Each structure stands twice: as structure tokens, then as C-alpha cells.
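Below, each structure is written out as C-alpha cells.
Shared between the two complexes below is subunit A, which pairs with subunit B and subunit C, respectively.
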Partner chain A sequence: MKIRSQVSMVFHLDKCIGCHTCSIACKNIWTDREGAEYMWWNNVETKPGVGFPTQWEDQEKYHGGWELEDKPKNPQLKLKLQNRLQTFANLFSNPAMPTMDDYYEPWTYKYGDLFNSPLGDDQPTARPVSRVDGKPIDIKSGPNWDDDLSGSNIYAVNDPLLESMSDDDKRRLFSIEQLFYFYMPRICNHCLNAGCVAACPSGAIYKRAEDGVVLINQDKCRGWRMCVSACPYKKTYYNWATGKSEKCILCYPRLETGQAPACFHSCVGRIRYLGVLLYDADQIPDAVRVPDEQLVQRQREMILDPNDPSVIAAAKESGIPDGVIAAAQRSPVYQYVKEWELALPLHPEYRTLPMLFYVPPLLPVLNSTQENGAQRVEAELFSSLEKARVPVRYMSRMLSAGNDEVVLKSYRKMIGVRIYKRAETVGDVTAEEAADALAQANMTAEEAEAIYRLTSLPTYQERFVIPPYSREGDIEEIYDPQQRKAESGFGKSQGAHRGL
Partner chain B sequence: MLNILLFVVFPYVALAIGIVGTIYRYLTNQYSFTSLSSQLLENDWQFWGSTLWHYGILPTTVIHLAGFTVPKIMAALHSTPEMLYLAEVAGKILGIMALVGVGILLYRRLASSKVRTVTSPVDWIVLALLFGQVLFGLILAFGYRWGAAWFLHTATPWMASLATFQPAPQYVTALPLAHKVHFLTGFLLFALMPFSRLVHIVTFPTSYAWRRFQLVIWTRRKAAQ
Partner chain C sequence: MKHKSEIRQLLLVLFLAAALAGCEGAPNESPRAASVKEVSLGNAEHGRQLFMGYAHFENEGPPCMGCHSVGDNGILGGGALGPNLTNVTTEKTDDDIISVLSNTGIVISPVMLPIYRDDPLTPQEQADLLAFMKASVGERETNKEWLVFAISVAGTLGTALALGIVYRHRLRSVRRIMVEKAEKELR
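And now, the complex of A and B:
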């Protein structure tokens, strides 16, 4: 058993209010530079919707992620983009490179014109100009162009996930009384079997063994852009100004000083949780080759119980410090992902083993009835779950590679918690109904209480259990701390200039 | 005197600048080693330009280098009229591919204002020189046929004389002007390597052929080494 630790994440979609504060916090720190304006290391999408870049989930278009060989015996995993030989053949022109049109052309406004225009009859205006070539542009799209389902009959209907749904379901999604939507904040998943790492011809992308953060070595990156294509989540971006690829760094400078990443810290809805997961790295090759419907379960099996004495012993054997094991034992992510099985990986069928997990949104699922002008939660929710407002099919297509049962199990628990707390605090649901709901979700009252507490009342320290780092001790002997004082964002002591 | 300057001094200076400059740049500013791709900004012409160019110029360059380094093997390969004919046709096809490719690359750089934004003055110089170099190469190929044969008795001994530090410019000084321009531009491009994006040539990712797919690095263990 080769145990490694991963700083993992849980996003509780029920709590996301779609305010984009996370995106702005990230942009202000990391991507407000020339060449990086169009990048959103953290973005928030409205689902159903096309996302960013447009239709990123359509892997027939973008060729991201892995796929299993189509043969019955011992199928091997291969990059959907290309094999090694094709990598060399395609080195000069990336065959599945998204262009700026798939993202959007960044722009600013000529604010100076408002002040410097000569006196005239007309009000001066600030025309939009491209941030690339400075020319006036006609803005046709931007990130979150379809926010809150705006223009859903033009944009959201093109959501690749709708393909698998019946016409009736699709019609319901876009009829005004029945439509639903929710928000999907996305950052890099810091995968265990990352497509970007595997596709990089230069070997510049790597996973930090200490915390599992996936990083691009800016010195080694040669700008072949294969990572951009191979990442199924489209979370590596090519900086057109510096000629290097960049991605979310999980704010590792903040982590190393005990702070939560900026997007986590700034989250208004407090939907984000961060903590250590211990996993068995030897199981990765097997875990990525199981049939689609087993992927979530297999990924959970890789994640080990940090309180199990044999796991602790093996972790110490693998060089994991005591402090990290202690952090793993308090990890909120472990509880959501493994103990409660509430949180699910985004598109596990890409087979990259993403380590960011989502608690599916319950709110649009839950139908409520009007009674004397007040809303009353139906006790018979479970019978209605299958004909719920969000087709479970849509969620399972997104979070469990099409395995409905995995999503339903998560939903049953969440509904169980809700009814249990309803009986306790409001009292319009009887104790028997609550007990019945818990039984159907196969859960004890203690577990329901724990889920409630971590979901609704967690403190900062409970949401973010950051493992102790000993970076100073590790690197101080070899690096002069003053050497990096004037760095420009990437731990680079020289400015990030293009070419020479 | 001019011949000594052009065909002895200049090649040595160009080689020295190219080699020392590239190594120095790699050691001091590895960050600057990148292909500086503009595919994100313009992807319609990029495929045709870049693919034709590289698929044309890479074999051509390798064949040129083979002519310098293993002339006996190259001579043996061209010992029959059929092979010589094949070499003649293949060389011309590759050259035309490269010329069309670099022409497209030049055109897209001029036509797209986005690509122009990320084009430095030295990019223009290099691109123009490459276009001229391939053009002159094709002039030689079409104007002075059977280059596969005469190459080995003119350029090869001249390069060999330079490599053995017994320079013998007389092998090339009598050649027509087009030849001389082609030779000198070649060395000029080599000298420009450390000052331009041409450095991406030395970053060809050969190790990808055998490296493991997943890379995991322990900071602590690396630092302890």
C-alpha cells in the first residue's frame, strides 16, 4: 500500500447562491495579467447551461480526458486526445485546441474618452476595446453569458448533458413554471490521474506529493498546449502573452501559510470545504479501468479511513507526517465523501479521478405543496424523488457517470436530514415520519445531526482543515528567502516576459 | 579577403553565437524557452501553415545535416540514377511544402491583428529570413539540379574544413551568388537562434516517448538531495 495525502475539496451546491465572489477573488490575485484576462481558474456556471469554455463537457468536440480501449479483455486506458506517437505528429498544430472564440475575447472600455472627448452635442461613450489587440470590438459573448438561464433557449439548450434526456424532460426544463437551475462553481480538480499531466510533452506538469496540488512548472513549459486539450474540465489555459500554460494552483502559497485558498475564503454561501484525504496510490491503475457505473464506488474505496490503525501505520511508512494524518482525521471532505457518501466527483467518466466533490443540489428537486397559504414539506418525498423537478438523470449524468442509484442515495440522505430536522424544529412532521425518512436513507439520527451541523453551522476551522506544512524547513536551507522577494506571482524572480 | 570574412570568419562567429548564446539563455532564462504559439488567437490558417512548414523543413534540415556529417552514406544512397531522381523529387516537394507553409505563416501574421499583437520585431526578421532561405533553396534546387550529388562535393567539404579547423573556403567561393546567399543566410539564422523564438528547436520533447504518464514530485525529498 502506497499511501499519499491529497488536499481535497467539497462544494455544497445547495448552498451556492451564484454570486461569483470566488471568481473575482481568484481573478484579483492570479489572472489580472496580460494574456491571462480570459482565464477563469475559478468560474461559476449556471446549469443547465453551456459552461465555460462553451460546451466544455462535449468531449467529442474537445477530446479531453481518458477512455477505455474498446475490447473485452483487460482494456487499457488511453488519452482521448492522442497517443504518444500522435503527440509528436501533432506537435506543430494541436488538433483539439480551443480557440479564443470558445472562451471569449477579453475586453475593456475606453474610459478615457469620457473625460477627454471634445465638447459636442452628444454624450461621450466608453467604447469596448479588445484586451488582445486594442481594437474596438462588438461584444458577442463573455464568461457567464448565460448566467441564471438568460437566453436559455439559445444557450442552455446546447448543454451537452441534455443529450441523454427524453424530449419530455427537455421540454419541462425550459417551460417557465417547471424550469430549474443551479450553480456549478468549478476550479481545477487536482486529479489523481490527470489528463493534463499525462499529455504534457515537456513533462512540465506534476503533482506535488505532499498535498496533491497539480502545478505547471513555468520554466519547463514549452507552450505545446496539449494540457489545454487533454484536460476534460478545460481548467488549464494557454497564456497568449507569455507563451506558457497556466492553471489553478489551489493558492498553494496561502495553503503553506495555513490560509484557505482565496475562492474558499471568500465564499459567501460558505459552500466550500477543504481537507486532507489519504488514499492508496497503488489502486489508481485499477480504479480508472472499472465500468462507468462503478467509478464512484471504486474511487471511494481508494480513499482510506484515517482513524484505522493499519492505515495510520501504512501512512507513516509512506512518509506522511503525523500532522497531516491528524488533519486527515478531522477532514470535512472525508466525512462528506466517504463517511456519508453525500459528495460526488464531477464527471467521473473522464477517468481522471477528480478530487473535488460536489454535494448535489436538493432545492430544485424538492417539491413542496401549498397548504393554507404556507408551504409544507411533503412527507411522501421519496415517491416523488423519481419524478422530481430536476430529472435525477441529469444529475447522474454529471456526478456519477450515469449511475442513478449513487445520486439517489445521496438525495435520500439529504431529504432524510431535512425531514428529521423539520420534525425537531418546526414540528409539522411527526417523529414517526422522521424516523421513517431516516430508515429509508439508511441513516441514524446521530449521522443526520452531524450532517446538519457540518452543512449548516460549521466554523471556519471546521470547513477548512489545512494540514501543517513544513515548507520553510524543507526549502530554507537551499533557497535564500530574499531571492524571491520581487517575484511576479509564480515564484518567479524574473518578470514573466514573452520570449526574450 | 571578403571571401575569408564571409566563408570562414562569419560561420565561426555565427556558430559560436548560436551555441554559446543558446546555452547561456537556457541556463539563465529557461522561462523564455517556448514555442510562443499563437494557435489560441488564430486557428484557421495555423494548421496549414505550421504543419506544412514543419513537415517540410524538418526532413530538409535533417537531410542537409546528414550531408555534412555522413557524406559517405548519403553518397551511397544516391549512387543509382533512380535514387538520385527520387532524392531530387523528394527534396523539391519538401521544399515547396516548407515555402507554402512559411508563406501561410507570414500571411496570417500580417492578416490577423491579434497575431500581430504577439509578434516582435525579431519575429518578423526571422520569418522573412526563413522565407528567403527556403526560396533560395528552391532556386538552387530548380536552377542547379541534382543537388544531392553536387552538395557532397561543395558544401560538405567546406563544412568539414570548418569542423576540422582547417578552413577551405575555395570549395564554395566559386559558386554562383544564389548559393552564397543560401549559405550565409543559414549561418545568420543559426546566429539569431538565441535572440529569437528559434530556441524552441532545442526543446523538442523527445523524452515524452518513454516517460511515465503521471509525474509526482516530493518537494522534501528533492530538496534533501
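And now, the complex of A and C:
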């Protein structure tokens, strides 16, 4: 057992209001630079919709992620993009690159014209100009161009997830009063089996040992852009100004100083949770080679119980500091992913073992109007699930590689919690009905209460359990900062001496 | 700091290498014109070999065909930078030609002087070349520049076509095609 720690995330889609505050927070800190204008390390998509870049989920086009060899005995994993020889052959012409048009051409407005125009009969306007060549452009698309456009017969209808759905389900998605949408915020998943790392010809991408953050070494990157193609989530971006690729760094400078990443910190709906997961790295090769429908279950098995004494002993043996183990024991991510099995990985079928998990959206509020206008929660749990506007099939395509049962299990629990709390606070559901709902969801009242508390009433410290980082302390052990300080500057200064 | 000193070392090595190369590149021997007796012993066939570059000049000078043409010079013809020399012996005296070839005397080509200054032709080679040029008088002058041009164009197009076939499945556009198709269906 080789135990490693991973700073993981949960996004609770039921709470996301699609305000894009996370995207703006990230943009202002990291990508407000020349060459990075079009990058959105964090973006929010409307589902059903085509996303950013357009139809990124269609790997027949973009060739991202891994695929299992098509042979019955001991199939191996290989990049969908290309093998090593093809990497070499395509080094100067990567054939699966999204074009600028598939992202969007970044633009700004000529605000100066509003103030500097000569006196005339017409009101001056600020024309849009490209931020690439500075010429006026006709804006054709943007990073959230199909925002709220569910039911659109240009965008939503081209959602790659709809392909395998039945015509009946599709019709429901596009008929009035039946259509639905929800938001899906996306950042880098900091995968355990990242496609970008495997595809890089320069070996510039690596996964940090202490927290599993996937980073691109800007000194080593040669801008071949194989990572851009190989990442199935399209979360590495090429900076045309520096000639290097960049990606979400999970705000590691903030993590190292005990702060949540900017997008987490700024989240208005408080949908984001961050915490440490301990996992067994030895299981990765097996976990990525199981059939599609077992992928979620297998990924959960890799994640270990941080309260199990044998796991703690093994973690210590693997060099994981006590502080990190303690953080893992308080991790909200562990509860959502492993304990309650509510949160699911995005597109596990790409086999990159993404470590960002989503709690599926519970839409719409399952109630029915009574004669007197009052609303009553549907206590008939499973019939209401089948009547739900979000087809389970759609969610399972997205979050469980097509395994409906995994998504249903998560939904049953969420509905169970809702009915249980409804009985407690509103009282229009009887205690027996609530108990029945909990039984059908296979959980206890304590668990329902815990889910409710962490979902609705978490404090900042409960949402973000950031492990202690000892980077600066570790450096101090071999290099005395006071001594270095004494070597620089004017005059005489007396460095403090520390004993090791 | 470490990089800087490495670069300095590299520059030093390069400088020394250049200096050594310069020593080797000194004139092999002082140029000398072929005498009348030597001219009479010229071998036209060997002259053709030298002209075309099949045989090397003793002092490793470049073959004449790089710039000149005499009669029919193989598939692609000779160079077009210098004048066509097919009938040069009827227009110039032997002395003038030897003067140009040896870079001595009254007539000196300002273009050929720097090329052959350090790699002069031996008297025997000059005589062979003169004999070759004399033998070529009256041959049909060929101009194959168009062929070179045509091959260049065909090669460029062929390479572009080959690359186009190899990369025919590359991703060209997703959004534009998707939107155009959807709009067409709506119309």
C-alpha cells in the first residue's frame, strides 16, 4: 500500500446559481495577462449546452483522455490522442488542437472613443475590438455564449451528452415547461492519472507530491500543446504570448498560506468544498482498467478511510505528515465522496481519475400543488425520481460513465434528506413517510442530519479543510533565512542562529 | 552565474576553432597562369569533368557549372549566374581566358577573384578547361531555368499535397461548423 494525499474538491451543483463570480475571481488573479485573455481556468457552463471550448465532451473530435485497448485479455490503457511514435511524427503539427474559434476570440471595447470623439450629431459608441490583433470584430462567441440557453436549437441541442439518449427523453428536454438546465462550474480536476502529464513530450507537467496539484513547469514547457489535446476536460491552455501552456494551479500560493483557492473563497452559493483525501496509489493501474460501469465504485475503493488505524500507520510509513492525516479526518470531501457516496466524478469514462467531485443537482423541487395552493413534497420517493425533469440518463452520462444506479443512489439520499427535514420543519410529511424515505435511501436519521448540516449550514472551516503545508518550514531546516538575510543589505547585521 | 561562464567557455572554444580553420584556409600556393606550352597540352575530356564537378580541382575550388553553362550540361543545365561559355573562345583570346581562370594578368573577374583566390586552379587545370571550351564551340546552347523553376513549383505543391493528405483528419473547426449546420436546419 502506497498512500498519498490529494487535495480534492466537491462542487454541490444543487447550490450553484451560475453567477460566474468564481470565474471572475480566477480571471482577476491569474489570467488577466497578454496571451491569457481567452483562458478560463475556472468556467461555468449551462447544461444541457455545448460548454467551453465548444463541445469539449465530444472526444471523437478532440481525442482527449484515455481509452482501454480493445482486447479481452489484460487490456492496457492508451491515450486517445496518439502513441509515442505519433507524438514524434506530429510534434510540429498537433492534429487535434481546438482552434481559437472553438474557444472564442477575446475582445474588449474602444472605451476611449466615448471620451475622445469629436463633436458630432451622433452619440459615440465603443466598438468591440479583438484583443489578439486589435481590429474591430463582429463578436460570434464567448466563454459562456450559451449561458442559460437551455432548449436552444443551436446550442443545447448539440450537447454531446444527448447523443445516446432516447428520442423520448430528448423531446422532453426541448418541450416547454419540461426543459431544464443547471450550471456546472469547472476547474482542473487534478487527476490521479492525468492525460496531460502522459502526453507532454517535454515532461514538463507533474503532480505535486504533497497535495497532488498538477502543474506545468514553465521552464521546461516547450509549447508543443499535446497537453491541450490530451486533457479531455480541455483545462490546459496555450498562452500565445509566452509560447507555453498554462492551467489551473489550484491557487497553491493561497493553499500554502492556509487560504482557500480564489474561486472557492469567492463562491456566492458556497457550493465548493475542499479537503484532503488519502488514496492508495498502488491501486491506480487496476482502477483505470475496469469496465465503464464499475469506474466510480473502483475510484471510491481507492480512497481510504483516514480514521482506520491501519491506514494511518501506512500513511505515516509513506511519509504523510500527521497534520495532513488530521486534516484528512476532517475532510468534507471524504464525507461527500466516500462516506455518503453523494458526490461523483465528472466523466469517469475518460479514465483520468478526476479528483473533483460533483453532487448532482436535484431538480426541480419535487413537490406538487394542492387545491388550496399549498405545496406538498412528494413523499413517493421513487415515482417522483422517475418523473423528475432531469433524466437520470443524462446525469449518469455525465457523472458515472452511464451507470444509472450510481446516480440514483445519490439522488435517493438527497431526496431522503429533503423529505426527512421537511417532516421535521414543515410538518406536511408524516414521520412515518420520512422514516420510509430514509429506509428506501438506505440511511440513518443521523446521516441525513449530517448531510443536511454540511450541505446547508457549513462554516468556512468546515467547507475548507486545508492541510498544513510545511514548505517554508522544510526549507528553513536546510537553509536559515536569517543567515541569508544577514548576507544582504547595508551595514552590519547580526543573523540569528538556529540550532537544528 | 554558472550559465554565463559556460557560455564564455563555449565562445572561447568556438574562437579557437575558427582560428585553426583560418590557418588551414590559407592559400595553398600562389596562383600561376598556364604557359603557352602547358595550354597546348590541355585535355578537353578532363576539362569537361572538372567543369561539371565530376573531378575535383586539386585545390578544392568549386566547379564551374555552379555558375556557368557550356553546351548541354546534363538534366538541369549549368548555372545561370555567370555568362554562358559555349562560344567564349571565339570571342575572347586564350590569354584573356587564362587570365580570368588564374586570377593573374590584365583581365580579372571581380566575381571569380574572391572565389578562387584561396583555391587557385593549377596550370594543368586551366589548360584542360580551355581545351574543353574550345571543343565546345558551335554546340547548342541550352537554357533549362524553366525546368528548375517548374520542378520547384511541382515540388512545393507536391509537398503541400502530401502533408494535406497525411493531416486530412486534423481538427479544423467545431463551433463554426456546428452553428452553421444548426442555422441551416432552422431555415
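Criterion: the second predicted complex is superposed on the first by the 465 of 500 C-alpha atoms of A that agree within 3 Å, B and C clash if a C-alpha of one lies under 4 Å from a C-alpha of the other, contacts with A are read in each partner's own complex, and residues count from 1 in each chain.
In this section, a contact is a pair of C-beta atoms (placed from the backbone, for glycine too) under 8 Å apart; a residue touches a chain by one contact, two chains touch by 3 or more.
Keep in mind it's a predicted model, so treat the numbers as computed, not measured.
Q: Using the superposition on chain A described above, determine whether A:207 touches subunit B (first), subunit C (second), both, or neither.
A: first
Q: So, does A:61 touch the first partner subunit B, the second partner subunit C, both, or neither?
A: Second partner only.
Q: Touch test for A:154: subunit B only (first), subunit C only (second), both, or neither?
A: In the superposed model, A:154 contacts subunit C only, not subunit B.
Q: Of the partners subunit B and subunit C, which touch A:99 in the superposed model: first, second, both, neither?
A: A:99 sits against subunit B and subunit C alike.
Q: In this superposition, which partner touches a larger number of subunit A residues, subunit B or subunit C?
A: B
Q: Tell me which partner A:50 touches in the superposition: subunit B (first), subunit C (second), both or neither.
A: Touch partner of A:50: subunit C, not subunit B.
Q: Check the residue A:126 against both partner chains and state whether it touches subunit B (first), subunit C (second), both, or neither.
A: neither
Q: Taking the stated contact definition, name every residue in subunit A that is touched by subunit B in one complex and by subunit C in the other, in rising order.
A: In the superposed arrangement, which is not itself an observed complex, subunit A uses residues 93, 97-99 for both subunit B and subunit C.
Q: Using the touch definition from the top, list the residues of subunit A that touch subunit C in their complex.
A: Within the complex, subunit A contacts subunit C at residues 50, 53-55, 58, 61-62, 93, 95-99, 101-102, 140-141, 153-154, 157-158.
Q: Okay, in this complex, where on subunit A does subunit B touch?
A: Contact set of subunit A toward subunit B: 4, 84, 87-88, 91-94, 97-100, 130, 132-135, 193-194, 197-198, 200-203, 205-210, 218-225, 238, 240-244, 281, 284, 319, 470-471, 474-475, 477-478, 492, 494, 496-500.
Q: Spell out the part of subunit B that touches subunit A in their complex, as residue ranges.
A: Residues 25, 29-43, 46-47, 50-51, 53-55, 113-114, 116-118, 120, 122, 195-197, 200, 203-205, 207-209, 211, 213-220, 223.
Q: Give every residue of subunit C touching subunit A within the complex, in rising order.
A: Touch list, subunit C to subunit A: 163, 167, 169-176, 178-179, 182-183, 185-186.
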